[in-house]
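What follows is a group of structures, each given as structure tokens.
The same subunit A turns up in both complexes below, where it pairs with subunit B and then with subunit C.
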Partner chain A sequence: MDTSNPAVFVNAELLQFYVGRRVRAVMQVVRSEGGVVIGKSTDEKQLVVKGPPPPAPLTNFVEVIGIVDNDRSIRAEIWTNFGNVIDMFSYNKLCQLANGEFKHLFV
Partner chain B sequence: MFSGSQFDATTAFSGGGFMASQSTNLNDSSPSAAKSRETQGLIPVTVKQISEASHSGDEKSNFVINGIDVNNVTLVGMMFEKAERTTDVNFVLDDGTGRIKCRRWVNEAFDTKEMEEVQDGMYVRVYGHLKSFQGVKQLVVFSVRPVTNFDEISFHFIDCIHNHLHTKVKAEGITPANPSSGSSLITPVKNASNGSQEPSSNPGYAQYSVDGLKDCDKLVMDYLQQHSDMSDERGIHVNELSRELKLPMDKIMLSLKTLGDDGLVYSTIDDYHYKQA
Partner chain C sequence: MPVNLTAHAIPAIVAGDVNSKPLLQVLEIKLISNSKQQERYRLLLSDAVSSQHAMLATQLNDRVTTGHVKKGSIVQLIEYICSPIQNRKIVVVLNMETIIPECEIIGNPISFVESDLPSQGGSLSNTMQNLSKSSYYQLPPQNTSYNVENFQLPPKNASSYVQNSRPTVQTAYKPPPVYKGQGAILRNEAPSRVIPISALNPYQGRWAIKARVTAKGDLRRYNNARGDGKVFSFDLLDSEGGEIRVTCFNAVVDRFYDAIEVGRVYLISKGSLKPAQKNFNHLKNDWEILLESTSTVELFPEEDGSIPKQQFSFKPINDIENVDNNSILDVIGVVTSVNPSVPILRKNGMETQKRILNLKDWTGRSVELTLWGEFCNKEGKNLQEMVDAGLFPILAVKAGKVNDFSGKSIGTISATQFFINPDFPEARSLREWFDRVGKDSASLSISKDIIPGGSKNDVRKTLSQIKDEGLGRSDKPDWITVRAAVSFIKTDSFCYTACPLKIGERQCNKKVTKSGNSRWQCDRCNQEFDECDYRFLLQAQILDHTGIAWVTAFQETGEEIMGFSAKELYLLKHEQEDDEKFIGIIKSRLFNEFVLRLKIKEELYGDEQRLKITVAKADKVDYSSECKYVLDLISKFGRQ
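Entry: the complex of A and B
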């Protein structure tokens, strides 16, 4: 049992609080160029994800687990394809709850 | 005591294997059987919640989360370090809040087949039983399923939050009448009375109905009791009860009828005003 390396649920707005820490975020892939994937976060802001190239092909929605570089970009460690349909609103709400009132259940 | 129309969850679900047979006071008006008072059937949790769980009594090797005995849990996370052996499959589940060792015993072809479908790096939903082995909490898993619709991940964590709130509200709702500085006794979300709940040290705590009343009835009784000196002979209007206790009107009226049948309350000037007997 090891809770030393959690990955916090974040949207773009919360990234700034976790610079240098491990997070997880779901985003809609906008475009992928070179070693960088540009996406739209669950709260409609742009996210830039760098790091080792994702296992092609990427579905419309992906989850990125990695370390936060700055308040708009993440350095990916793990990519997970989340398919072509997902409820961004619920995920966004979850991010807000998991970082707010119920943070003690998560980190 | 228990009216005949009550849903008796003990007999209905005793064969399910999820309900502890110890609890006999299951006269909950809600038909949802998973929400028993003393031992919940199956609760969604995060690894972080498990890591903070404490042991309940000595004989039972049960854990306590949120003051509720926990038997079976469900988690959603990513599988790592899958190690297949002849009789079992071990793996680590990482749900983003922590990692926990899991073991799935493999007895039949079905079990092997189920485990073949999940690989490292996949999101899975597990159902299992919490166990402590050499001081380390582990999960004995009896079902592993790959996640195909990823809304399940959001759902699971929201479910954890919901369940946490639900048990917290229940825990506070059944605390014996304890008025504190005149503030409303029952507040759905924030705790107005007791600060820290220590139900594991008080075996009578989980008995939400002290004298056979349903919890809604008790809320109404407590409110009438609390306000009996402040109200005049007209008693309390049902609208006030509904508003202050934040319960729907039909529940209030049902409770008042039950209490009236038992002779604990009576209506005063009309059918909408009640007083404690």
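Entry: the complex of A and C
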């Protein structure tokens, strides 16, 4: 497993702490325009993801791995389709725990 | 105000007339105590002309003690006797009524002496010798002072007394009354006091209870070491709500079996009290009554409104979930569905009928009620017709038995009673609820293991906990839920050949044997057929992050785990003999995670105890709810 470039589990709220760092976030795709995808984060905030979307069509929920631009946008490197059904709440909780109590468990 | 006492009443009584109900006046009352007998009162009764002593029957003692009868009272004798004892006439008053409690002495009565009385000297006791003879002379009524002197020497033991203000003569001394088995009191025929059932105990003296028959058992014949016998029991309820069972054996059965009717009120007395047999007797009483040849059972023809017809303590269905297995309870609910009867083979080889119906109540829960035997045919049929017609009857069940085979359900026993659409307040409020809300509302069944999505009302464990906590070792099986993956499936015999015929609503499913070359035979249905059914009997190993366990999965759970029907797999392996494909399928099913509900019980196999784990339900993992569950665990973990 390649741990050289770990991505932190984040939601919109946590983005601000990781500006310039590599993160991963799950979001619900709201719309795609030009080279930008607007999505809703797991804690109900708007996310702007820059960078070319993958050629394949995006499903409802997508995981984006990339570098944080500012506290609302990510420059995407990897897109992963997460399907159409996901438990946003659980993911959100995961983000909170991974960055809070159990930070030590994560790379 | 002047009252006319019955003229010549005293002579008449002494002469033997005990049928007139004379009006007399009580001149004196004296308490006679004899260490051998009870306290007795002796009255001096007068008809205004003559006076005569009379003994008061002890059951009337309270009349004197409460002051109903006192000196000067005008009374009417209702029941009385006059018996000659030792040349004296002894009068005993058995029943009388006080007409006027207080009155001045009427007339100038003198002691009545029968004309043909033999000489009084001979029958006097020693104590009388203190009196001078002149006191026995009959004196004319008018003399007053004359007698006073004679009374200055009061005799010691004589039951006589002094009256200072009016002239009376001592009657001849009467020895303490000897009844020689004549008075009602001696024969102890006085009615026993009615006491509440709750006060009954074996140390109670004569008792009587007045109660209504709430249940009448069947006449049962038995055979034991002592020979043949017959027995029957019935249950009683009294006005205080006390209940007790009454049992009769052999000859006593003949006396009472026909006389006892459910719903009638009886007065029962002279039975013996024995400890209640809790196995058969579910009434709330430590004792039960055994009737014997000397017992009495008397029917009360009139209705006694103070005694209720039945006593119930209904348990709401949601509480039944927490009740112990095999306990007896009452329940009331609306019948929402009735299934047809199915014949069932019992352990002793006898066949009986079984019918399932569903009861729903205002707690939002429903429970399965299993009818056995006769209940299927009578009440069961009745209820089915009602439900089919669209009516949803209210059913009250008394003495149903809780069974925890799959969830909690209630079954009938011999003592169970059904009341369809009864007239109780609970029934009425239940009907109201149902008509308004209940009939459209869904209800959760406590009889089926429905595990709702997110809410885990069952116990979650890990596989290592099975061993650590020694699950399955107690009398009842342990039910747990685990999230585990299947790590190995035994492929040698993963299914068996089953009988496809239906018995009622269920498939027979008994293992069938080959008969001939291509046909199958079922022993239970006693039939042969060409095609048999294939049902899963999987032995698999499951594992989670803590450990492993071996489990058995039957048809439904087998299908869930395998993803294919048993028949398909069987054909694939044995007829098409496509091993590769078969193994491929098996492999693909490994390491699939499921949420499994397990039944764990230790059972004796030959000599050793083995832990038997059955998969009762296999569900695909719902990750969302699993996440929530785990998150919950994490939050609890974090707070350590």
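Observations on the model:
One rule holds in what follows: the second predicted complex is superposed on the first by the 103 of 107 C-alpha atoms of A that agree within 3 Å, B and C clash if a C-alpha of one lies under 4 Å from a C-alpha of the other, contacts with A are read in each partner's own complex, and residues count from 1 in each chain.
In this section, a residue touches a chain if its C-beta (ideal position, glycine included) is under 8 Å from a C-beta of that chain, and two chains touch if they have at least 3 such contacts.
Here the structure is a predicted model, which means the values were calculated and not measured.
When both complexes are overlaid on chain A, the residue A:Leu105 reaches subunit B alone and has no touch with subunit C. Using the contact criterion defined above for the overlaid structures, shared-chain residue A:Phe9 touches subunit B, although it does not reach subunit C.
Using the contact criterion defined above for the overlaid structures, shared-chain residue A:Glu33 touches neither subunit B nor subunit C, since it reaches no partner. In the superposed model, A:Glu63 makes contact with subunit B only, not with subunit C. Greater residue coverage of subunit A by touch, when subunit B is weighed against subunit C, goes to B. In the superposition on chain A, A:Ser90 makes contact with both subunit B and subunit C.
Under the contact criterion defined above, the residues of subunit A that touch both subunit B in one complex and subunit C in the other are 87, 90, 93, 97, 102. Subunit C makes touch with subunit A in their complex at residues 623-624, 627-628, 631, 634, 638.
On subunit A, the positions that touch subunit B within their shared complex are 1-9, 24, 26, 61, 63, 65, 78, 80, 82-83, 86-87, 90-91, 93-94, 97-98, 102, 104-107.
Subunit B meets subunit A in the complex at residues 46-51, 78, 96-101, 121, 123, 136-138, 149-151, 153-155, 157-158, 160-161, 164. On subunit A, the positions that touch subunit C within their shared complex are 87, 89-90, 93, 97, 101-102.
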